[in-house]
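Each of the next two complexes has subunit A plus one other chain: subunit B in the first, subunit C in the second.
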Partner chain A sequence: MAALATFLVPVLLLLLCGPDPCPAAAHSQPEVKCVLFNEEYMNCTWGSRETLKANYSLYYWYRNTSNKVECKHYRQDQDIRVGCHFNQNEIIQFQPFHVLLKASMGGSTLEISKRMELQDLVKPDAPVNLTIHNMSNNQLQLTWATTYPKAKCLEHAVKYKSNKDTDWMEISVNGDVFSLPSVDYKKFYTFYVRSKVNKYCGRTQLWSEWSVPVVWGSNSTSKSTVHWFWIHTVLIPIASCVILLVLVILLVRMERVWVILMPRIPNPSKNFDELFITHNGNFQEWAGVPKDVVESFKPNYSENICYVSELPPKDSYDPLWESSNPPPSVMPSASPAPGEHSPYKNSYGRV
Partner chain B sequence: MTASMLSYILFSCLLLSVQAEHYCGGREIIRYTKRLLVDSSLSCPCRQTAGSSCSCLPIPEPGHELPCFVEGTKHMLKTNMSSKLVLERLYQTFQAQLDRNLCESLPRGDQCQYKTKGTVTEFLNTILTTYQAINKSSP
Partner chain C sequence: MFHAFFRSTLPVLPLLLVLSPVNSSSCAMENKTTEIHVKYENILIHDINELVNISAQNRDRCCKNKNDKNIKVFFCNDTQEIESLQSMACNMLRFFHKQRISKAFRWKAAFVSCGTLQVLKCKCEGHRKEKICPHVNVFGKEDTETGEQSRKKCNQEVCELKENISSLRSCWNKFEKIISR
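Presenting the complex of A and B:
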């Protein structure tokens, strides 16, 4: 049946519309939605000024009546009918409620019907007069009142958190009293309550709005929390930076402190100033060596340097020294040690 | 037993019997019915041909709810359903209310009168709506 209806509606639209503009909304068919506010009045709406283009008329009837009644109080948005307001005497619950919405535009008319159960469309008002009572054993008791005419038909939800919590706690409550055991007196609590018709009086999913909040916990606790926040996040970091800056400046300016932290590399040159300046590099004089000891190291003879060179061998010479006896040495003094560099190296001559 | 005590007992019995006439058991019936509605294993209690919808339970006319509820739950009990215990409890409650006129809010009609027949879900929703209305209107 649903599939057939889905097929027929576009065909019907096509037949109704033809060359004329279609009375249905540009993007989708309007749908009638009704909400019964606290069982005092009801509003049924089918769109907004932006989505509706046609002239709309709403008719309604209940199961036990056959006469269709037109809406007496239309809700308008810039001359376009967007909803219907029902007074309390026009509302009957637990009887099938039928509506017929007629949309007409350019000579063509589209009809949309819907069946509803009004007891399933009730939205209660938010609870009022939230009150906190201090009980024994660190327990809090939250009570509230409702303007809904049948309080026994309501279930409630309490939402609360303390100033130290990040997430809200939501608890379902059947009566009109909520107990919070073992509260912390150092914390600051906030409570909200909302209501819904329970399953014993309807099948609505509409919760009321959250109530005006009620708080518990001393004001000074909250103030001191704010003060501590500013101290921790602003004052302490700034003071720390200032103190650090002062210390750095003092460190740079006061050499005594700087030297302790960064000792200088020792320079022993001062100890040798007398050697180089006063004694002109004379180590013995600076060291205090006695003059006679200094004189004793000076040699009391002189030596003439004797240059010796090797003459090239001639063929006429007899090999007088082919025997095992080595040739006579012509060196006037002792020969240098082997490997030692001397001007006589590889040179020897004849006398 | 003194005379005052006897009169107290008699008065209490009278009060209880008056209250019993107003006992519709709405909350209990609503709980059981919602449990059945949630149970997706409820099968069709009728012998249906392939491709046809299962609409064989009476949707009562106003004033004839109780006999239709008795008849409908009895019909459902005949099939092999998983929630037989809950169905049995509902059937017994409806039968007791019908026999002993326990619920003044529901007219005591003898026969089930209906215009249409519906599915198991439609039938259960009718029970739910009827007793929600009684609950809401009761003091």
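Presenting the complex of A and C:
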């Protein structure tokens, strides 16, 4: 049983790993990735300082395996080889490009091979010299140039939007001219362009970087945008606060105007505080009337009060008196006792 | 007198054979690049892309482990792109009768080969084109039973056909790039 297990384990390992020896770091085998920049130079990378467990050497060839050449310009990251730089004279497109990564680690040799078609790994440079032309009927025409040696092998994409739009519009263009049918002269447009090798000349998926933008539109539009921003964020809040303040002030001032229009009932009580508080209601004293004048108004005699009353007529009243007898005389009655009711009591009460 | 005539003219024939171009192309569209370009862009490229997609569906992990020396590699030689395309297209017709390759795959490959030869107006040795291309008019129904069996198995012929297709596509890309001015 043990012998069988001993036999099966290497067989399983061989099946899993293939004819190549299983590397110790099989869990993190690097992968070679190459990009051909504008057909001028190429960079192949296989990892970084953090991911690589060994220092790899790169060999490459095109047709014959016997013509293997080692990389002449390694790219290093802290003494670890992470890539290879190829000059233009080392690059051949439309021929199978083979690379072999080799490293020695722990007595074993690590090898990773890959075959590529370099025409499928081309990344053109971004378009340059973007120019906008004003055409008739409110039409704009955008043109550009490219540093790629075969311009007709490129397809392009134009990205644009106005200052009123929220999203970018992206349009595919085959030639090197893009027309925008109708534009608004009040808006401010921004354009970007990028390129890719078309399907007729290769199978790359690598787009170039976006170009330097070109803008079109009236400068005042852009300035007004800036001014409108300041108006929204600064001027309107300040103006609102000022108006609120003015309204508050006016409200306060309106009360005073109201008071002027509708004056309050005057209260002269203050003027008489001295009369009632200091002089205890003595008007003559408060008015400053001299004392001798006050004394002169006091009476220096006494006067008896004469009460007159009318006797009621009798039943045997003799009518002869009209001719011979004098009318009965009015007899003064004795003064009524104090407290009796008299119509004149209150008029001459004080003596 | 007649002997003198023949003695003087007879060496001319071998001389003509020696002086004639070694690699004389049997393609009639050598200098008609514009016409080739139009037919390629409007018609042929779509079939090539479909063929490439079918080829990608076939497992290629086993092909990577195969010894590359056994697989014939076609190169798209500089200044001889049309001849290279002719060579690749004619070679691809060999796979039309290979039963170990799925019927859909080899029929499409033959369709693209015939299209290439038609656009370039080329011929193949042994009249291969005349024997196969007239039958490859319509994309036939795929024989799913044998096709699935062949797809499951990895065989040398599938790997060779995949290599041939990749070379043909790349050579067309190169040709297009050269003629685009």
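The rule is short, and it goes like this: the second predicted complex is superposed on the first by the 219 of 351 C-alpha atoms of A that agree within 3 Å, B and C clash if a C-alpha of one lies under 4 Å from a C-alpha of the other, contacts with A are read in each partner's own complex, and residues count from 1 in each chain.
Convention: a contact is a pair of C-beta atoms (placed from the backbone, for glycine too) under 8 Å apart; a residue touches a chain by one contact, two chains touch by 3 or more.
For clarity, every value in this text was computed on a predicted model and none was experimentally measured.
Applying the stated clash criterion after superposition on subunit A shows that subunit B and subunit C collide.
Using the contact criterion defined above for the overlaid structures, shared-chain residue A:263 touches neither subunit B nor subunit C, since it reaches no partner. Applying the stated contact rule after C-alpha superposition, one finds that A:299 touches neither subunit B nor subunit C. By the touch criterion defined above, A:94 reaches both subunit B and subunit C.
Here subunit B and subunit C are compared by how many residues of subunit A each touches, and C touches more.
In the superposition on the C-alpha atoms of chain A, the part of subunit A touched by subunit B in one complex and by subunit C in the other spans residues 93-94, 117, 119, 150, 153, 199-203. Note for the complex: subunit B touches subunit A at residues 26-27, 30, 34, 62, 128-129, 132-133, 135-136.
Listed in rising order, the residues of subunit A touching subunit B in the complex are 64, 93-94, 117, 119, 150, 153, 199-203. Interface of subunit C with subunit A (complex): residues 40-41, 45, 49, 65, 73, 75-76, 166, 169-171, 173-174, 176-177, 180-181.
Taken in their complex, subunit A has these residues touching subunit C: 18-19, 63, 93-96, 117, 119, 150, 152-153, 199-203.
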